[in-house]
């Protein structure tokens, strides 16, 4: 899958592919040209990715080749033990929860689950959780609290599932309760937006002591398409809406909504999933160490202040 | 509805009815005879009801004319505000929960709900709750705990509903969780078995600081019919099983399982529902006063000791 | 039932502007009667929307309401601009048109002997949307309740988060719920009153997690929009879907209370709070 | 797959008593192989029941198990007598036949470096029924875990409460759960391992409320009996109804673990407990 903004890169890639065929047939000139083009591709990729528009980043954040939580869980963790079920209604495959360990650091890993292919995506409901997913997540958090483990949440969802049954079983209640209980959870929480941070469905597991975003991840109150169709009355204005919504990691760091950005490999997480996994692993280790070093009461105070202070622009009133 | 053991009483009642017809036609002798028979009926009723067999009491406990929880809630309370729903799946009409007040005494009233007629019984599932009923009850108890109100539970169920959906939604989990959370609930709990105390479905709301039983109520690990068909391999041996199971209020007071008996009007609760309601009202007031007067930590200690000591017959080993 | 006429003829004989048409059943009701009946249709019991002042007058004893945080007005953290122009201007116009500073009014007031803290949303203010000012006012109100150990009553009426403030607005869901977790810890009652409509980010934050959730009859309550759901599941939804009655049957609403009885109900409910 | 024969002929050529027939798929397996495979069918993965000693040997490091409360034997609070005679005699006979004092064995033992408290039910003892002795042993084990700040592991296998002890037996549900509430408050891990069958009053008390619920494949787990439910709802139940797999899909079991991996799984799981 190639993006519009990658068309130049795509051209170079195609040329390389053609030359590789020639090179295999013994064309030495082709080999030299390939090396040159590869350097160019790297430079161009870096250039393109350093100047992505917000709408470009929306595309990158949604790229099907981005690492999913399963890839993180198994790629970065030395051990992972999945736990199932909300203990009231069901087990939501769209929310992955389990005990995780990286080297000697143990934590509870919780996150939205997208698939790597169509079959998986259908199974995981494209990462859109039902109420039982949010309730399973909360159960896992309380378990972590009891066992003395910090919590790491990984956010990657277009939103909570807008289904009839989801409404009947209290999608709104489940998310609201998570927001309230996470605020008071007596164990550290690190939240990382790895891909799409879509609205309440994202926030439902994102009330962390720290919120990080992958460089090309997005976090938004509404999808750019939804926003465009409401405020522009024109769904094709999504690029404008994406810019207006300030949904990129850099925007949100500037707004002090998030606490840090995890850089992506050049060309985006999808171009080097393993490199991305390593970067996230490192980020988890260093941030967990930091947030686990304060006392419980100071942690809870700081968490409260963090959220209490978002949206107090006394000096910037209209 | 008349019981087998009431056949003598029923004969007297019929004679009175015949005489009343005559009396209305001016037969003075009939009037005199009626008065005499009424005295005899009272004496005989008292005699019969003072020597009920356990199996007789099973019948009385199940009598459709016994006051239901609605009758108690509205008959004895000066105010009652029902609350609905378990906040996860549904609102179980087989479990009634609400804020209740008798004079100045406020409490959370929770109990199984049987109907007064077939229509109501179908609506209330004959008093057999689903998991959402037990979860609603637990939510009501936590609400009472937060608001500083004692809890009164009224037990009257053949058992938790043995349905497919009930199993799928965790009937066992719901009851087990109630048992654990009631043991630690930081507010006083008074439990009253008003009719049928059927097995785990009864116990699921019966972990009180005190457990009372109405005189003719029963409380059993299994229905006499079920026990007979398993241990006697003959369902008609239910009377024998009823006796063997020691399920009457007097038996259970003797075994120190319960803490008190609320006497029923002569002829059973069904013969004078209003009188029964008044007696329960008084019992609630006096027992609540007693259990609310101790400190929270002493209350919890005593509650733990109460249950910890049931079934420690070190000196009576086989 | 003298409030509404039975014949078209008599209705047409009167000047148009004395009639209120019920939005639900289209019956014509005399405006006086409509107001006296608290904007509830005498025929079909449709509960029409109240603005925040009407709601406060309905619930709080006259002369006892003291407003908080009127100095908090909308902010524009994103410098948001859409097809119709800058959000800042739209917000400013709304403030001056409605004479209220944000989509919620907060304060303390009495119901009988009980003083409580109340927050009332107003759907007229940009659809009652939850924005930074809204969240901040609600948070401050909850903190006031904690400081003075009062019950907190929230009257919701909202289409959800205000997208013009982006994630800042989304985060108000977390902010208000964090404040509620403190109220919870302090053991203070939280009554949530859901009025038409209570949807989106407001339903998915403070509105559904009351100690007791009360709703007016027929109130629309839901997370996702009806159309979005129908597009997703590709089938029609039941007629009562996302009504207060539906929510009660599904375990999320404790009690449905008619507007005329709401104050008495609330007063009685709060009388159950035990002074510890 | 050399453990079970492929032809009837070769089977019949050997003496009968060296064969174990799988109760599920009826395949014939050499008894040696059956035992080596921990009573799990190599063909269909049916997990046959283990008795308490086998279970303890499976889970606890050899030589480290110290049993608690062997002095607790069945009591007969009701002087119960049924068609077959007195319960007291039946219980006494069971005790001497099985050489165990009640339907549960409790004690402490090691898994690697970790010492834990474990309670293992035995279905052979009157159907693993929960009676006063059972409940008392479990309570004492939990209190031991609290005193020494150890994790508590419960291995359930039971048809439910023992009716011969009437309400005294029913109350063991409350007793054991009360002890678990103390364990919970003490912040100590509680792992519930559900083995075939875990039903009735045991499922509706301690078995389903573990911090983590683990089950062996195919385990029957349920509150009400299949026949009772079919009579109640007047329809056939799905084939996988009340299996561990069904419970996992419905949100009540965390993980299904093969017997051969159970000890390693448990050991790894307990390694996540943070020393506070």
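In order of appearance the chains are A, B, C and D, and numbering begins at 1 in each one.
Throughout what follows, a contact is a pair of C-beta atoms (placed from the backbone, for glycine too) under 8 Å apart; a residue touches a chain by one contact, two chains touch by 3 or more.
Everything numeric in this text was worked out from a predicted model, so none of it was measured.
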item	value
Shared interface partners, meaning chains that touch chain B and chain D	A
More contacts between chains, A-D or A-C	A-C
Farthest chain (mean CA position) relative to chain C	D
Geometric centre distance via CA averages, chain C-chain A, whole Å	33
Chain A-chain B separation of Cα centroids, rounded to whole Å	54
Approximate Å spacing (C-alpha centroids) for the pair chain B, chain C	42
Touching two or more other chains - residues of chain C	184, 250-252
For chain A, residues that touch 2 or more chains besides their own	87-89, 169-170, 173, 177
Arrangement of touching chains [line / ring / star / complete / other]	other
Pairs of chains, among all present, that meet the touch criterion	A-B, A-C, A-D, B-C, B-D
Complex contacts: residues of chain D adjacent to chain B	73-78, 80-84, 88, 91-92, 131-133, 135-136, 139, 161-175, 177-182, 184-185, 200-201, 203-209, 221-225, 228-229, 232-233, 235, 237, 241-242, 246, 250-252
Of chain D, residues touching chain A in the complex	184, 187, 189, 211-212, 248-255, 265, 268-269, 271-276
For the chain A and chain B complex, residues of the former touching the latter	87-89, 131, 135, 169-170, 173, 177
Residue ranges of chain A in contact with chain D within the complex	79, 81-91, 99, 101, 106, 132, 136, 143, 146-149
In the complex with chain C, residue positions of chain A that touch it	160-164, 166-173, 175-177, 179-181, 183-184, 199-200, 203-204, 206-207, 219-222, 227, 230-234, 237, 241, 244-247, 252, 255, 257, 303-304, 307-308, 310-313, 316-318
